[in-house]
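Structures for review follow.
What follows is chain A paired twice: with chain B in the first complex and chain C in the second.
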Partner chain A sequence: MQKITTDALVQKAVELLNNNTVSYVLGWKKGEFDYDITPYVFKDEKTLKEEFIYSDFCGVNLSKYLVAKTKELAGKILVFLKPCDTYSFNQLLTEHRFNREKVYAIGIPCEGMLDIDKIKLNLEGISSIVETKEGVKVNTLDDKTIELEKQAILLEKCKNCKSKKHYAYDELLGEEGDVLDNNRFDEVAKLESMTAEERFEFWQSQLSKCIRCNACRDACPACTCEKCVFDNPNSGIENKSPANSFEEKLFHIIRAFHVAGRCTDCGECSRACPQNIPLHLLNRKFIKDINEHYGEFQAGLEVGQRGPLVSYTTEDVEPSDVFNKGE
Partner chain B sequence: MQRIGVFVCWCGSNIAGTVDVKAVAEALKFEPGVVHSTDYQYMCSQAGQNLIKDAIKEHNLTGIVVCSCSPRMHEATFRKTAQSAGINPYMVEIANIREQCSWVHKDMAIGTEKAIILGKAAVAKVNLNAPLTPGESPVTKRALVIGGGIAGIQTALDIADAGFEVDIVEKKPTIGGKMAQLDKTFPTLDCAACILTPKMVDVAQHEKIRIFSYSEVESVKGFVGNFNVTIKKHARYVKEDLCTGCGACVEKCPQKKVANEFNLNMDNRHAIYIPFAQAVPKVATIDPSACTMLKTGKCGVCSKICAAGAIDYTQKDEYIEEKYGAIVVATGFNPISLEKFDEYAYSQSKDVITSLEFERLTNAAGPTAGKLLRPSDGKHPHKIVFVQCVGSRCSAGAEKGKEYCSKICCMYTAKHAMLVRDKYPDTEVYVFYIDVRTPGKNFDEFYRRAVEEYGVHYIKGMVGKVTPEGEVLKVQGSDLINNKQINIDADLVVLAAAIEPDKSARPLATKLTASMDTNDFFTEAHPKLRPVESPTAGVFLSGACQGPKDIPETVSQAGAAAAKVIGLLAKDKLLGNPCVARSNELLCNGCSNCEKVCPYGAITYIDKDFRMPDRTTRTRRIAQVNPAVCQGCGACTVTCPSGAMDLNGFTNGQIMAEVDAICK
Partner chain C sequence: MQITEHKPLIVAFCCNWCSYAGADLAGNNRLNYPADVKIIRVPCSCRVNPMFVLRAFQKGADGVIICGCHPGDCHYTSGNYYARRRMAMLFSMLDYLGIERERTRVEWVSAAEGAKFSATMNDFVEKVTKLGKNKRLEDLRCKK
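Let's look at the complex of A and B:
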């Protein structure tokens, strides 16, 4: 159950639209079913009241949409940001990817978002999903009902939520939370403890599921290049279908390197992946390594932050130490 | 499509010994773009170069691959060859089949296979090469010399005499360095001050030279011809332009128990001080750690006494920014700390001293006015033991000391021994040595005079232990030639401590991006052929910062460094390296990461209007590279998340083509 209601957000959005603070509202739009929610730019009160929603299925990080929308649209845009979205928001600003002046950001609380794929593992033919105190009540077309506990059906990224605290907003709705203790590196440590063969086996089995739909890239707030190498015919590696298992791996490894030091660990890659590949683990490995080699670093804590990979100090780890650790 | 010529060099037997050069030339014939492939004994010879020129004309070549030695050796040669035959010099690629192939392989089959692969990679790259034209950058006609010892002084004088402006930055209150502390100099025994101080005066009087004493280099930006340096001038609490150096303040200063570092703490100075009589600049300096006025606000005697009104207790550190075309490092040396050499009892007895302390004890301006007296009781020593190689030539992996020979100790110890015997013939002098190393003009004659004319006892062997016992120092040593233990009751023991680079050198090297060896000596660009240049363009080396040196050697190196600087400053413009970064503005995201990593400040951002496919105009933030400032390090190209940054001559495409050719 989200602490803040859809109505409260709609009311705020309508107020800001009507007093001309903003011209557009970037939010979540209801779909055919309770769970197929899409990001949407609302332009008027009517659509907002009819179609805006903030529910347990609003996992989409809206920050990335600002890159395109602030350029496309002339007026100011209201955006709703969950705590973890604010990291991406800051990181994008650090990289000058959109104009802050064109955005009115409202921080909203989040109680963790749900993964429809995990619900579907329990039953098929879902007609509606109702939020309850402990989790959800799922009704099916053949009139079955099942109750599921929230913890079991959280999105991967929400299972180890790193923060309920907002790092960017113009206005905050609801209560501000805290940075949480989390175990998000445990799974990485588990991978690290494997032998090279086991680890290869693990990633081989995961990455071979990849269908190269590019959903991870399209959802990733760090992937906002003007022209992605995978779309650029001059790059020599554009739009390759997964010809063999080697190429699938390279796609994800290239992407992980690409976002290294800039990834805020928002988990959108894993959420967007239709094949349920735990892509966030690749990025988390980089984050863990950066923390260990250069000291704790969280991308997106503030605008203008200088990450360890783009700064140099004489105390920086020697490449040989990194190499030896890798052995 | 390129028309590529491949030229495989034998380098006599250097390459042909382990690489079948004919097979290499034959194999590369069939690579894409190759229209001509041949081999020759010495491609760098006049005849070899003519072979290339003729082939360029005959086969209308557009690109050249030379399979030969490292590009460090002959890349420039072959670029000039190509240019004289009408091809852009950057259409030449070198495949290093000597250092990276024939020299590291013994087996002909393996060597040949690898040489072919390296050749293929170079061909793949040339296929993507484009003609490049270097840009020009102006030269700031002023040099910076860091360090005001004899090395820095000589370099500065030589540069200034050629008509260029020079600034000397010296961290101590006066220039002069170690030489100013010495008594006599080998092998002629003239007094150090008598030959140094005229040079110091020359520096002070030279209209082209400025001295920043009591100052340090804070930061260095820019590149050869265009360095921007910030100099931190420490507050000396005395206005340099007003102080006449009369010394009245020093005499009256009530705080007179401050250890005198110029005399190696063997006597005291005042809180306000002038290091020595011939100091340049002859200006007083207040030691803030000792001055009562600065510490408690109560005193002000010097201010009252100063007729010139030069005292200024409120003075602050000052930062001066200046542009230079060239930088000379002359940071010098220090004796090592003897903390770890307790067997010689240096910390237990005042009468165990270092050779530099010995210099002060025999110097007329030293703590004993030149009389050789024991520091402990002021008595004249009658038996002196000199121990050589203390901390020098230690075995690798030893917990203490240096592996290298400190080079100057044999000679100064012979000098000390000789001077003692000359002045005090009633004194017995023993020298313990591992080897006596005296290569240098008149050096061995000098040492033999010490032994033969002055009767100094040279004992081959090391001292194992020095034990202070009452008034004497019990010295236990071994005589390796007579194979016996020796016990000497000495009055004074003098340790020839190893020398090491000044501690300021390491952080300075970081600021200059100049490289150092494991001992913190600055590395030269080539150990034999470019001994006074650092590998960083525009940074030159003078004196002991590059390795242990005596005065004659230091002075010649100082002159050599000056000659290199003059050669640089004489140019009005420097031809840049065309292998600089460029930004593809269509791909650039404007993220600023390249700007953050650029060590030269070559990248700026602009807002530029772009026509979009849908006929709208969009303003985008994009990176721009200043090619005159860019040094082609490539940091931006690897940082750029969108692949918008590329390096001319080393494009991502070229490197990938090389990798592909190798892995195929």
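Let's look at the complex of A and C:
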């Protein structure tokens, strides 16, 4: 598959800006380093040409930004969507979170995004990162060059990519990909096969790292409530001091439960987590359970889907039977 | 210091139309069930937010049981069907996090089943007592 270049995207965006199809461009903006890229709303051709970028570090899912931006800005917004972002895009439309009329979506191919934290594990003092065919070449401050293979430094969410196919767009740049076979539930199954003590140990060690920064909530495209239960000062769970206690578990169970059936498994929670907690494993557990007990379901395949937790059948499995499998 | 047997704290969410009346019937019929069970009346089993269950544990419950009308008999037609899916997911998640699965249960008890209510509670309390204190879910900051 031909890789899409930053220039091609800028050219398209400038064209649409100039013929007044759109007034704004939601994309990724260069940062101080090659890897610190932020979502940004571009308003004119000049900044687009100077600062727009699409590289291996554009892991951010732009769908969620549409919720705020379509309300805030008067004109039409151009947004670039990677395949997995289109699921979130559809899911947000299903939930009536933004006006489709105000958005011009362009689907762009993605070959997996990189995790800077994983690169940093291998070396110190990055001066620049150059993309190569097999991965990246990292130049360090002490004039060394280190080559890293792509598979080893992919974001957690990209390691088990579920699809290269776009489910929503007005226009597609590059070639359309396919839905991929993936083994994204393997890690969940591995945890399930452990004993309760081992599972508890695992999650205790992971979730006790949580600093309750709420990044997972804020990055999640499914978490778009304007009033969140975790912002309630009387909830008794907003305390910030990290303690090896039930509070973190309660937060993460509720966070995952609240998006159960709506989570598209885009993996933003794990990407955003500054503590590198594998939060996607909680969401995937729900997806796996839903698939097993209520039939295969992928959120965001089309607009208007009814989620599995807001519907039922009279023959549903009893809660006690959910446990009894396997043992 | 005298070592006393651990008395569990059980929270039972009972739907107003079936299970709560079932508990009432158990009382009228002089059927025993342990005093460790604290009943919270809810309008329907689907009123039970997953947060209620977790908060109960956080505040020191050793077991949580949710009782509702039998599937098909919901006063509001379909509330317990939703509750069934929700609680199946929630309890499966708790199990995934390594919480003992005997600490949670969903049971369907109708208004005519006082005996079932009493038997269920006796059984549940016995199992939770065996598990002992709920160490995995306690939140020290919620302790008095």
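Going forward, the second predicted complex is superposed on the first by the 303 of 327 C-alpha atoms of A that agree within 3 Å, B and C clash if a C-alpha of one lies under 4 Å from a C-alpha of the other, contacts with A are read in each partner's own complex, and residues count from 1 in each chain.
In this section, contacts are C-beta pairs under 8 Å (C-beta built on N, C-alpha and C of every residue); 3 or more make two chains touch, one makes a residue touch a chain.
What you see is a predicted model; the values in this text were computed from it and never measured.
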Partners on chain A (chain B, chain C) - clash or fit: clash
Which of chain B and chain C A:Glu171 touches, first, second, both or neither: neither
Partner chain in contact with A:Val229 - chain B first, chain C second, else both or neither: both
Superposed model, chain A: greater residue contact from chain B or chain C: C
Touched partner set for A:Ile254, first chain B, second chain C, both or neither: second
Which superposed partner A:Lys71 touches (first chain B, second chain C, both, neither): first
Touching partner for A:Thr314 - first (chain B), second (chain C), both, neither: both
Which of chain B and chain C A:Leu191 touches, first, second, both or neither: second
Chain B versus chain C as contact partner of A:Arg262, first or second or both or neither: first
Segment of chain C that clashes with chain B, given the candidates 4-12, 22-30 or 94-102: 22-30
Doubly contacted residues of chain A, that is, touched by chain B and again by chain C: 229, 236, 309-310, 312, 314
Sites on chain C touched by chain A in the complex: 50-51, 54-55, 57-58, 71-72, 78, 81-82, 84-101, 104-106, 136-142
Touching residues (chain side chain A, partner chain C) in the complex: 191-192, 196-204, 229, 236-237, 239, 243, 245-247, 249-250, 253-254, 256-257, 260, 282, 285-286, 289-290, 293-294, 308-310, 312-314, 316-320, 322-323
List of chain B residues in touch with chain A within their complex: 510, 586-593, 596-597, 605, 618, 620-621, 639, 641-644, 653, 656
Interface residues, chain A side, partner chain B - complex: 71, 94-97, 222, 224-227, 229, 232, 235-236, 258-259, 262, 306, 309-312, 314
